[in-house]
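Each of the next two complexes has subunit A plus one more chain, namely subunit B in the first and subunit C in the second.
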Partner chain A sequence: MQVSISSQDSKTLVTLDGRLDTSNVDQFQKDIAPLMQGDNPNIEIDCQRMTYTSSQGLRMFLMLQKSVMARHGKMVMVGMIPQVKEVFDITGFSNIITII
Partner chain B sequence: MVKKRFNPIKDKSSEIIEFLMSSPDMPDDEALCFKLRLSIEEAVDNVVRYAYDGGIGWLEVGTNLDNDQPVLTIELRDAGTPFNPLDRDDPDVSLSADERQIGGLGIFLCKKMMDNISYRYQDGNNILTMTKKIK
Partner chain C sequence: MGSNSPRKSFAKRLTRRIVLIVSAIIVAMLFVVAVSSANIIEDEATRSVHNMLHASISDIERPLYELEAQTQTVASHVQIQISNVNVLDMISHKSVELSKIINGLAIVIPPSGNSGEYVVYNFRDAHNDIRSIRRSDAGVVQSEWIQSVLSSRQPVWTVPYFAIHRGDPQAPRVTTYCSPVFGPDSSVIAVVCADITLDWLEKKIASLRPFENSLTALSCSEDVVIGIDDTLLLSQIKKEFAENKDLQSLGDDMRKGVDSVRRRMGKGRNSFFVAYGPLHNGWLLSISCLYRDVMKRNTIMNLILLILGVLGILTVLLVCTRSIRKLTRPITELSDAALNMAKGNFNAPMPAIKSQDEMKNLRDSFVFMQNSIVDYIDELKTTTRENERMESELNVARNIQMGILKSDFPERLHALMVPAKEVGGDLYDFSVNNSKLYFAIGDVSGKGVPASLMMVVTRAVLRFIEDMNMSLDVSLERINDGVAESNSNDMFVTLFVARIDLVTGQMEFCNAGHNPIVVIPPDADPYFLNAKPNIAVGLFPSFKYEAESVVLKPGTRIVAYTDGVTEAERADKSQFGNDRLLAWAADPKTRSFATSNSDVVKSLYDSVNAFANGNPPNDDVTIMSITV
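Let's turn to the complex of A and B:
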């Protein structure tokens, strides 16, 4: 899973590429650490090339969502492939994370 | 049909998952393989992380394809602490982010992705069997 983070105006753009699973979730947590800091975050996560996530990945997105809410920010996930979207739908994560 | 016993299993989730995903019994269907990989990862990771104190122990995994149906069966067997993952209540998927607990999603995903999951404790082993109809 490749994670790239960049800033554009007041927005933080995150691009995910690959599979997020038990083998790389610890590294992923380190990679997204910068997103856990700062007031009023405005985060957009491009998921077009995220091909897979397991519950390990869901845990990370829930943790991030909670952190963003606690800092009065917003976060959206965009471009999910149908199979990944289904995982978010089944687990109710589509209701707690904004997915476009 | 393939079967293999992994020992030790600490930090070996990926190796065990890839062993099962490369079984000749796996269908040639990307969407179906996504669901199978997810179920396999959740089930395998559950044993690797929690079945044995300190992660020292073995896990035997196998696949079997019944061509008549056709139905794929995936079985996991370990000698860890007796634990029926199906006893756990499903997470409440209607809760808000604040109320949602981290965890408890893995076996729930298995249940949703597979057609059937059963657990039995036999001869000192936890045995989890998952089946999926293959088109």
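Let's turn to the complex of A and C:
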């Protein structure tokens, strides 16, 4: 899983590339740690190239969402492929995370 | 194999290489010195022999010139006193008496008009007494030399000869200078012939031996060569000169009357050089020297050089061997110590090294490595012990976890939970009460110990559902609150719970973000039950869950599972997926009433394993089959 983070005006753009599974979820947690703090909590996550997420991955997005909400920001995930979107739908995460 | 005697010792190789290189240099130096010294010696020898030749020619010519001068003087007296025979006799006598050079003197008057030839001759005999001979009928005028003087009107030197005409058995070897005496009409009126003995010349020639086998020769004519008295040898030399091209050209050069040196004549052991030069009277002095005589000195020098070279190489060998062995001894010792260590003796003592160099560094590195290994082994022992302890504890935990999942299955229901690690995060529960059947299946996010702890918490709060009087949505809310209460780590549990009225076939269910269950009706294609996802349990306390309801035909089979089934992966990361799951469900064997629930569960688990094809599972797998 490749994570690239860039700042854009009033939001932080995060691009994900690859699979998010047991083997790399710990690294992913370190990669997104900077997003959990700071005074610019608005985050847009580009998911076009994310091919899979395990339930541990869902937990990461949930933690990020909670952190953003605590700072009164907004997090959106965009461009999710159907297979990944399905996981979010099944678990009900689509109800708490904004997916465009 | 002894560690002290490796097959190719480093020290030996190094020594051999150094000695080889040094030897090569010494040999090359010796070669250069030998060659250049040979050249120098040859040049020097040639030059000195050439100088000796020049000096000798001067020495030989001096008495000859003297004789010529004295003969000229006598000739001038003869010219005046030609008619007085007695005076001529006296002149002849006095000349022999007074001169140190003239050994005999003849005045030859050729016949003229009616007077015949007349010869007066005085000479010193073996006792140094002067004897006189007068002849008028000897035919001396007819002799070759007198004729030569008469015709050429020039003085002539005879080749050396033995003066046997004196009638003395001990006649010496002499050479004679014949000079013409001219009359008033420029005709030759007499010839004065002065003899000079040649014993001094023979001695001189014999003394000219610059090298052991040198050959010095004074060639006066083809056949008379002073220095080569042996006629056999002379004829041999003449034969060689006639047959050998090199010698022929040498002979030609010699006859040209220019002094020179010819090098590199002959072959092999007998190769030689010749210095030669002419005397004013046409004689030729030559000195030949064998190179092997010349080089004798060089040979001795070369031998000394060779001995010195060998001694030098031996010294280098000795010094190299000793110092390299001394220098590399620590390597051998370290190697022994390392071998000792490799055998498991980690406290093997390391050799002490006094020098402050790379050897010391190597030894220090060894000691450091030794200490590191000892530390590491201690650590490994501790870790292994710790791991063993944890493993046994995990096994206990696994037994406890399996123990809290029911295993006394009724006929209508069967379930299987296989954790990916020792303990898992999947769970199921069920109970049959009168005509009501309740079941639940859940999956804690993640796996391993954290998931298993959450699983135990969830399993505990599932008790709420068993209370058949409480509506399902309220039950789930209680469960959610219960899990959320103990969840400080943002873990979550997907959960599907259902109650089935076995009489009416009505199934009330509530989904908390779990994978849709598969419904296999007896008379239609299998499908995924469409259920509102709500939200996974444990995240948001007080969340309002919505329950739904569906009526199932008798004979319907329900298969519930966790994502360990659909997300089972092959090595190429492709997943089992929903399509394969539905295809499996549509299989006649799965659908058959004759197939027991336990067989159905086993069949799906086998399919998933067959699909994974040995790829280790990365999530817990739970399968539950229920017949309505």
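Assume the second predicted complex is superposed on the first by the 99 of 100 C-alpha atoms of A that agree within 3 Å, B and C clash if a C-alpha of one lies under 4 Å from a C-alpha of the other, contacts with A are read in each partner's own complex, and residues count from 1 in each chain.
In the analysis below, contacts are C-beta pairs under 8 Å (C-beta built on N, C-alpha and C of every residue); 3 or more make two chains touch, one makes a residue touch a chain.
All figures in this text were calculated on a predicted structure; none of them were measured in a lab.
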Partner chain in contact with A:Met69 - subunit B first, subunit C second, else both or neither: first
A:Glu44 touches, of subunit B and subunit C: first, second, both or neither? neither
Contacts of A:Ser54 with subunit B and subunit C, given as first, second, both or neither: both
Partner chain(s) touched by A:Gly92 [first = subunit B, second = subunit C, both, neither]: both
Which superposed partner A:Thr22 touches (first subunit B, second subunit C, both, neither): both
Footprint overlap on subunit A, where subunit B in one structure and subunit C in the other make contact: 21-23, 52, 54-56, 58-59, 62-63, 66, 90-92, 95-96
Subunit A contact footprint on subunit B (complex, rising order): 13-14, 17, 31, 34-35, 37-38, 41-42, 45, 91-98, 100, 102-103, 105-106, 108-109, 112
Residues of subunit A defined as touching subunit B within the complex: 21-23, 52, 54-56, 58-59, 62-63, 65-66, 69, 83, 87, 90-92, 95-97
Complex contacts: residues of subunit C adjacent to subunit A: 443, 445-447, 490-492, 494, 512-516, 533-536, 539-540, 563, 567, 573, 575, 618-619
Residues of subunit A that touch subunit C when the two form their complex: 19, 21-23, 52, 54-56, 58-59, 62-63, 66, 89-96
